[in-house]
Each structure stands twice: as C-alpha cells, then as structure tokens.
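Dropping a structure here in structure tokens format, bear with me for questions.
We just call them A, B, C and D in the order they show up, numbering each chain from 1.
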C-alpha cells in the first residue's frame, strides 16, 4: 500500500485545506471543521443544499460545492460518515433563511448522523429536510440499497432547482424524483487501500474481479473471473435494464478513482452501443471520475430517465469544479 | 495486470469513438483515423492548433480539443507517437487558411513524425510551424528533456491566442514563451501497465518509489524508499526552484492517472505552503489529471512564471472537456 | 456499586482493550463492511479518555459527556449508536453518584433500546444489538458476564446479516463475527467489571 | 544477387523473426525505454507482410513501399527511422530488378545515412545507428554477417545512451542491449541472407 499523503489522520483536513487554497473563488471553509462551503457564503433567500459523507469519494462531495450545485459539503474521515456536529456546521453555512435540503446516501451511518444533525438544526430554528439516495441495484432489497454515483445527479438537479429560486418543498420534490428513478451498478478489478490501516478493501487474485461493489472498498456481491469490458458491461446493464425502461436517459460512466480515462471511454463506447441497441436514447452523457473510492480500479454505470424538467436542471450552469457547465 | 478494455489493439479507436459519441457537441472524428477534431470543423481565418502523441495520457490530448484550445488531437497507439499520415490528417482538419501550429512534446518519435507531417502538409500548400515542449527538469541535459504536463499550459495559452485572432507568428511566439519558461517534474509509487504486453513500465517493491519519471511508463531517474508526500514535494521542488525564480506563477499538481484526487489535494497543500514560504505567489492553481500515464499512481508538479499576457490567455474561456473555463 | 471513578476506570479499560483489538475490529469490518470500525472506535475512545480527567457531579453527567464525545468523534454507524446509548443511559443514571447492579442494568437497557431505535434494528440481524439485548435479558448479578458476552459475540459469527453494511453480502456475511458486536462486548465487559 | 523475390523473402523472414522476438524487444525497451518496441515493430512488419503479395517492377518500388508502410504503421521513433531508411534505400536500388552485393551495400548505406539524418544521431549513442553504421563499414562479401551483427548488438549493452529514451537513465542505461539495435540486426541479417 502506497499513499501520497502526510500523516494519515490529517489526510482529510489537509485535503480540505488544499481544496480551499487552490480554489478560493469557489470554496470557503468553516474554521477548524472539515466542511467546505461556498466562498461567497449562504445565498440569502435560496434554499441551501448540503451533502457529504465519508471522504475518499473525491470529487464527491466537496467538488460539487459551487454556484448551481451544493452550498456545503461535510467531509467525514475516509469512508466514515461525518458526525452530527459537523453536519450541523454545514447546515448553518448553507442556510439562507429559506430552509436547507440534505442529500444523504443510504448508509446507516450517514442516515443517522444527518438525521441527528437535522434534529439539532431544527432545535436552532433552521428548517431542514432531507432526501435519501439508494441507487445501487447490486443490492436486491430496495431498502438496503446504497447511495452511489447517482447521487451526483441529485446534487446537480436539486442544485439547479435551488439556484432557480424554488422553495424547499419544490427542491425536495425534484430531488426525490431523481433519487427515485436513478439506478447504478459498479465493479472493480483492483481494490482500494484504507489510508490508516494500509489494508485493501478486499483481496483479489490476478484473474478475479468484483461485481456489484460499493464505494467504501466493500467487496462486490459477486466475484468472477476477469473478462473483456464488453461482457462486463453486459453484466451490469442486465441488472440496470430491469429497472430502467428504454427511453430518453442520461448515462454516466463513472471511474472509481484509479481507472485511466482511456478505459472509461472504451467502457462508455460499449455502454452506448448496447443501450442504443436496446432502444435507449442517450440524451446526456457523462464520462469521468464523479464518485470514486480512493484508488479503486473499476467503474460504475448510472442511468437516469429524463423528462424536460430534469434535463433542464442537468444542463443549467454550474461552477462546481467536479461538474462544470 | 487488469485492464478494462476490449481487444487491446482496438483500445485507441474505441476510446476515440467513445469520446466522440459522448461529446458530439465538442468533438468530431476523421473517419477511419484516430484523430479528434472540433465538431464544427476548422475555423476559417483562425490559426489552427494541433497536438497529439501516443495515447494513454488522457485527457491529453483529445480532451483539450474545443473552442479556445486545440483544433485537432492526433491519437497514436498507447505511448507510441502517431505516424506522419495521421498527423497530416490532423493538420488538414485544423487548417482554417491562416496556418497551423503543431505543439510537439520533445520525444524523438514525436519530433520526427510531426516534422515529417509538416513536410507533407507544406507540400500540400498548408503553412505549418511547430513548437517543441521540453519541460521535464528530471533530465539535466536540456536538449534531451521530455515534454510532460507543462504542455497543457502551452495548449491553453496558444489556444487562447489563436482564438483571439492572432497570426501564426504571434501564436507561435506566445507558445514559445510558455514552452521556454514552464518546468515540471514527476514521481510515481506504482507503475502503469502496457495494455498490449500486460507488463508494468517498471517493477517496484512495496518500499520503493521512482523520482523523475516520464509519462510513458519509463522508470524515474532515481529510485528511493517511499516517504511522506511532504518530503517528496521537497525533493521535486528542490529541482524546480533552481530553474524558476520566485515571483508570480501558475502551479499545476497533475495526477498520473491512478492517483486519488484526495491525494492530489493533500500534495497541493504541501506544494502551496512550501512555495509560498519560498517567496512564490501562486496566482493560478490547477489540481487534477491533466497529463496522465494510464493508471500510474503518482503526480507531477509544474511551475509556469506568469506575466499579464500569459495570465489573460490562461483565464480565457475554453470549451475543452479537460480544461473547462 | 458502580461509582463515578468506577465508570471512569471502565472507560479507560475499554479504551485500552479497543486499542489492543483495533486491528481485529478493522479486519472484521474489512471482511463484511468497510474496514474502519477499529479506526473509528479507537478515535472515539481516545477522545473519551481525555474527558475522563475532568470532574463530574454524577454518573448521568459523565455518561452524557461520554455519549456526546462518541457521537462527535466516532462517525460512521457506530458513532450515533454508541453515542445515543450513553446519552440515554445518562437519563437513567440521573444525578446518582453511584449505581447498584439494578440501576446499571436499567441504564444499559435504556442504552440498548436507544441503539435499536436509532438503528431501526432488531435482534437477529447480526449487529451490536445481538450483544446488547440478549446480554441484558434475564441478566443477574451472579452471571458470568464475560462468558455470556463472549458467547454472544461468537453467536454472531454464523448469523446472516440483514442490517448495516454486512447485509450487502447476504449469505456470504456468515462466517465472520460482527465487528460492532465485538466492540460492544469490550465496552460492556469493562463496565460490568466495575459493578461490584 | 538480391532479387525482388529475394527481398520479399527477406522481409517475410524479418517479420517472423520480429514476431518470435517481440517480447524480447519489448522487454529491452521496458528496461531502458517505454516498453513498446516489440509491439511497434510487430505491427509494422505485419503490415509489410501484406504488401508483399503485390507485384513490384523494381527493387526500388518494393523498398519504397516498405518504407512508406513502416512510416505509416510503426509509429514511435522507430517508424520514421526505418521508414526513411527503406525509402532512401529505394533511390539507390532505383529501377533495378536485382542487385549485387555492392548495390545492396550502397542501398543500405543510404538507409544508414538517412537514419542518422532523421535521428540527428551518431555512432556511440546506443541506438540502432550502432548496428547500421559499423556493420556497413568495411563490409565485404566474405564476412560472416550474422556473427558481425550479433557482436554489434552485444556491443550496445555496455554503452551509455545519449540519444532516445534510454538517455534519460544516464549511467543506468548500461547493462541492457538497445532494442532498436536488436531489431536492426534482425532486419539486416534477413536481407544479407538473400544476397547470394
């Protein structure tokens, strides 16, 4: 395990410092807390949008802070959801007086910590609501599904809705619409390594890969012999097509952090061909690292059915470094 | 070695197809050749800007095609410079009648193949000139220095100059100014793997890293025990500071393809602190994957002294996917 | 009787036991989770150990402070669960400066209930609940606490997880002890040891 | 005499030798370059082998076509170098349909000069030039071509590279044979074998 870091337990704070120093026009930081907010502060009258979770998913979540997307991102320790007091700081930083929406990925820890923070914020008189994203079709039981790359579409759409002046209820409604329709599934050929323990999330031999991985180094729901990406894509699409009807969709081929962009475009090439053959119209396409898992070598595919409202919000301007439009 | 690809010898063409399919608003493709040009074709009257080289450096070079940057990118086989006939196609696609500038990285193969292409283009009546980038201070002999991440600044500045209507001579002059002042140096803790042979560029054990790597999987000029990124940054900056005077600079912390973004920001955190302590003013900062080496885990630091002209061109709008402004 | 100093001693012992088992906890979580449980617990109990140097008026005040500290430092799923357990136990301890077996038991029962409520979890799902709840059921002063806790931890090994990260792996979650069950046993053992 | 069919046969033999040594060439390039020389040469000579099925009027026409094919298919540094070598050799061969030893030698000398010109390189820099130039110097019909070429390839092992990618490694470029030297020897051996 080799890491390009200083002290492992300072990784998150040094990353946050680096981000804010590199992009002071976009990012501000709450002193002493690993929360990134907008450089220009909460926008008065606008619904605030807050997300976050464990770190290690960069550019998620801090990379989505910026005009048109998030107002604050709460950066927990690597793969560990942030604590309620941290989330509360994010909520306060995002509060422009018209309420704050939390975008939460469906993990026990995230859900509990964000809920606790919402209770604290409520006690301080801030109107807070939340939406839970659970887009990972690798898990068959829908209640247990993890929030993965589809979360980025929720950020983008809800962010654009908030920027356009919608109310908390309206922003929540469109966020829920995206969250309820978006579906993802991922795989990996190489694990990631936890910075503190130095250990890989799972041990694979040279001939194996994991299908249905999460974004916290968890092994997949199935281990298989490695094969051409052509047939890996078939495998993932088989699951996704069962839940997303043919029609107009946005597709995301998301790298897990250690995947060369060349491989992501080759993967996209197969994804596009197969989806078009199956009657889908790829109206919007996103290829790159959006929701990663440290240096994991793998990818996920996300499908989001499009209507006019969602498409407009996807295309709306965004100053966020991870999703610049 | 695990690759997310189909047939290894179709990697580049499938990647190019994927890119064009994903971003048809930005990219066009010359039928049957691995050359990406602008979707809207050569811009009449504008100086054309062409770059390229071996593939495996994504987003370089095709990711820099777009309004405000390159007009065409020639995509050779992985780490193998493209052939003159391919480069010629790129030149033709970029030619808007006012000449074409080639941005060439200083490798024997690239220089020879681009020069041959320029001779062919000349024979067809197209005015072509070129600039060679050799920014890698790891090599002490200046003539032998490799072109690495600093090339991206040449693309950006020359692209903005061309977009602003400058003549071939003027675009070349500012490109030369950047090329002659920009300096870079890189390192890696893990090698990359050649898609066809399946072999790593070098073999490192658990405790070793390579300092002064190139971007083609070459091992570095020095092998050392791994250490904190804090002192790795010292090592690279020691070389860079000898050639770039304190003053206003643009700094780039470039990932080699397999480096988590969190590590790049931690790295940047140290780079910024050390440079500021040494009297440099970081006027522009870039952190991310700009010039990669497949899945290599490592980074490079690039310094570019700034004047008003270069700063203005760096900040000018760009529609390129790899450098969106 | 559990005194304030006794509870402090229990928490110090819990901290050193967690430190000693940090890698084991992490490895268990690596097998059926995301490999951070030992790291999270160690960070949290490090923070707890620093607040033990302060003075507390009551078991309730100490327990509440411990809960708030865990909530603010552990993160993940374990943070809010252990955090609210100690905060809820504090309401049972109230102003008492020492607690007999039965008060300790009711405080832990409050804690256990709060874990289930926060985690929306039940016995049998292969979580820390499978230690807390059955441990307290019919608990009597004469029980061999250590033996009982060790057995409960061991019992999670064969269970199929239906809650938390381990549930993602369905049948293949069997064969590994739940990391939260193990850390729970460490904490409960340390507390019971001071009830004499 | 080297006939058109003889040159075709030489190129076919060169192709199969390159195929047989593809991994070796790549490994040498991996040690002191970027690990693609075997792949590049194999791609180039695969393409050459397909153009051998066509008819050619002269050695010059065939050699030129081979050069253009290598230039368009090999890429990297070796592509333009071998490409221009065969294109330049073609001017020496001219319209001839067969060539005696001395014509072959002058054609190869043209090729060698063109490699040096394109590559801006000299003898002693640990490149393919260290095979081409000394091989042709004082070459006589009675020489043992194979022995001479093998020796020249071997001689590059101890050299320090000052040109091409291997030069990046300075002193540590010593100890590995230059991959381009090895592929050059394969090609030259194949050609010399057909000059009888």
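Everything below uses one rule, namely that contacts are C-beta pairs under 8 Å (C-beta built on N, C-alpha and C of every residue); 3 or more make two chains touch, one makes a residue touch a chain.
This structure is a prediction, so every number in the text was calculated from the model and none was measured.
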**OP:** Quick one: report the Å distance separating chain B from chain C, using the average Cα coordinate of each chain.
**Re:** 53
**OP:** Averaged over CA atoms, how far is the centre of chain C from the centre of chain D? Could you give it in whole Å?
**Re:** 73
Subject >> chain B-chain D separation of Cα centroids, rounded to whole Å >> reply: 31
**OP:** Round to the nearest whole Å and give the separation of the Cα centres of chain A and chain B.
**Re:** 28
Original post:
So which stretches of chain A touch two or more other chains?
Top reply: 78
**OP:** Find every residue in chain C that makes contact with two or more other chains and list them.
**Re:** none
**OP:** Considering only which chains touch which, label the overall pattern as line, ring, star, complete or other.
**Re:** line
Subject >> Chains that touch, pairwise >> reply: A-B, A-C, B-D
**OP:** Flag every residue of chain B that touches chain A in the complex, lowest number first.
**Re:** 1-7, 11-12, 14-19, 21-23, 55-56, 58-59, 63, 78, 189-190, 192, 206, 209, 226, 228-230, 232, 257-270, 272, 285-287, 289, 292, 294-295, 297-299, 324
Original post:
Which residues of chain B touch chain D in their complex?
Top reply: 9, 54, 76-85, 107-109, 112-113, 116, 138-139, 141, 144, 146, 194, 196-197, 199, 201-202, 214, 216-219, 221
Subject >> Complex contact set, residues of chain D against chain B >> reply: 23, 26-27, 30, 33-36, 38-40, 43, 71-81, 118-119, 163-165, 167-170
